[in-house]
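For reference, chains read A, B, C and D in written order, and residue numbers begin at 1 within each chain.
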Amino acid sequence: MTKGRLEAFSDGVIAILITIMVLELKIPHGADWAALRTILPTFLSYVLSFVFLGIYWNNHHHMFQAAERVDGRILWANLHLLFWLSLVPFSTSWMGDNGLQPLPVAIYGAVLLLAAIAYTILQRSIILQHGKRSKLATAVGKDLKGKLSLLGYASAIPLAFAYAPAAIALYVVIALVWLVPDTRIEEKLEK
Amino acid sequence: MTKGRLEAFSDGVIAILITIMVLELKIPHGADWAALRTILPTFLSYVLSFVFLGIYWNNHHHMFQAAERVDGRILWANLHLLFWLSLVPFSTSWMGDNGLQPLPVAIYGAVLLLAAIAYTILQRSIILQHGKRSKLATAVGKDLKGKLSLLGYASAIPLAFAYAPAAIALYVVIALVWLVPDTRIEEKLEK
Amino acid sequence: MTKGRLEAFSDGVIAILITIMVLELKIPHGADWAALRTILPTFLSYVLSFVFLGIYWNNHHHMFQAAERVDGRILWANLHLLFWLSLVPFSTSWMGDNGLQPLPVAIYGAVLLLAAIAYTILQRSIILQHGKRSKLATAVGKDLKGKLSLLGYASAIPLAFAYAPAAIALYVVIALVWLVPDTRIEEKLEK
Amino acid sequence: MTKGRLEAFSDGVIAILITIMVLELKIPHGADWAALRTILPTFLSYVLSFVFLGIYWNNHHHMFQAAERVDGRILWANLHLLFWLSLVPFSTSWMGDNGLQPLPVAIYGAVLLLAAIAYTILQRSIILQHGKRSKLATAVGKDLKGKLSLLGYASAIPLAFAYAPAAIALYVVIALVWLVPDTRIEEKLEK
């Protein structure tokens, strides 16, 4: 089975999610700086989520670059990942609209954690298909960055109830870690 | 005529439908658990419809994997399927917003029934094009799963008026039956 | 320049337009037949517009099947067509919300007329690129169906002010004429 | 790494942005000319932004036509461009809803300026990958048109506070300059 349609469908869903979030940037009442300032928290949440969805698209692109074929298990593991990503716009606006309230900040982290778990499952399904000596398996290696992110999201959830700004800072740190391009797969493919 | 554009267009429509539904998950007023609980029925309807649209995408993918060419009849049979699928977000939110009211639960089943009928018509149009000994025709066989689903949706509609939760349970059962990956076409293609 | 991206972009825009219209099917207040009946006019407008956009996608697909290369002029002629098609959801809801009021019915026809003119311009740009003896040029021929549709839309606009239901009947007739698959290009390609 | 998915993803995002803007064309209350006139400013803003997004899609198409491979840097430079483009619908409606107020007109220019800067960065990243003697590098040349546009947007921002209609006129002029098809890359590719 070819991977083309799976890639196209995932591209479509992520492209829609990344743009649907902007619809939540409600046009402010009034045309001055004060009006613009009211949408600042929602705007900043949007920037953070745009970066997270961009990271997922980027890593998804790299991962399937190294994959050669897909089966039914991989199709569903991919839909499972898209399901959690589809909740990002909702959790982004809820967090943006409520400033630094604990529960929305924790739920935002929970959605990111579940998406990261789904990504790990998808990665394992592909490695299972292609074997432990496949390009992807050697490129992923011990996946330290992936495991640290899971730990980071899991820590941010209780942290949000103690002190919400610290949880948000943790999300920003994880995003920055991933923004540094993941050259592992690129390097392996070039060899 | 190549099948590439038909697949890309269908991917686009299904990707949009699957993500548009999330827009109906209205941001709750308030930032506590009580506020979150108010969107639970809509959320559960969303999960169910996400799974149904995922199943359709998956089966569509498998079916066209086995197809080689398309004609005008197949293009319209495909648009007919997309029409009924496009009503899924509407029927999902109406059911989610009204809890267990009979009519929305029945209409939800009617939309699923009409989509399933459209899928059957599309499948027959492709087999008509490719012949009774084509890969798709032998892979589909008697299509027991498809026929049982049609029967299931048709039974759920009157059931909704008698006892709505039973109709919803029937939808969940049909979804679970399809979640078990349909290995028939995959196996035939490998031979 | 390859035609692949132009097709993909057009597919994306038409897929979004066809699904965005459903968002205008507002969830009715109440869960009974009376509530459902209130959205009937909007639903019927949606069905009509779904068919028109389906016809455009279908014809676009056929036309570019017969095209081999695109240039800057064709890119802009295509964007011009997409612009008028993008106004279909707006004119559909305005007509649906206002029942049989003359102005919305006339504007609906005007949008269809302008889209049809844009389609004709796009068709001519492609023929200009490929020559008068190209497959597309001979397949289109005198384009009687296209010219009659232009006449139909142009007549429907004044008709809407005289008697709106007659204009709507005319739209339905034009849609039905196109629903009969356009086998001209398919036949030419087979030869 | 192939450029196919980057193109498909960008097509998806731009297709959605171009159509999402229409959702802001709120259905007017009433069915007469007076009601239609109330949405005229928003409609005109939509036309202008449709043209700008069309120009970006067109230029993006041409630029990647001349590119052969992409790396992590290009992926992120592209996402950066899509981020600023994703703010176009928001700034369009804010400007459209407020007529000729200085701040929304200035913010509209700022979004266009930042998108143009992002486009320049993306162009440089591709040239960096392909070398100074690559097709793209020679086709772009000194990029006078690009530099003049940057200057135009930058001038429009202070101008908006002095006399908003002049800033809008400047946007229209820049759009018209780009509407004249950019034949540079097409010509170089033909050689």
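Note that in this section contacts are C-beta pairs under 8 Å (C-beta built on N, C-alpha and C of every residue); 3 or more make two chains touch, one makes a residue touch a chain.
None of these values were measured; they are calculated from a predicted model.
Visitor: Chain A-chain B contact: same residues or different, taking over half shared as same?
Guide: Homomeric contact, different residues on each side for the most part.
Visitor: Taking each chain's centre as the mean of its Cα atoms, which chain lies farthest from chain C?
Guide: Computed centres place A farthest from chain C.
Visitor: In whole angstrom, what separates the CA-based centres of chain B and chain D?
Guide: About 37 Å separates the centre of chain B from that of chain D.
Visitor: Could you work out how far the Cα centre of chain C sits from that of chain D, in whole Å?
Guide: 26
Visitor: Could you list the positions in chain D whose residues touch two or more of the other chains?
Guide: Residues 8, 12, 16, 20, 23 of chain D touch two or more partner chains.
Visitor: Hey, which residues of chain A end up touching chain B in the complex?
Guide: Answer in residue numbers: 1-2, 5-6, 8-9, 12-13, 16-17, 20, 23-24, 71-73, 75-76, 79, 82-83, 86-87, 89-90, 93-94, 97-98, 101-104, 107.
Visitor: What does chain B use to touch chain A in their complex?
Guide: 7-8, 11-12, 14-16, 18-20, 22-23, 25, 27-28, 31-33, 36, 47, 50, 54, 57-58, 61-62, 65, 179, 181-183, 186, 189
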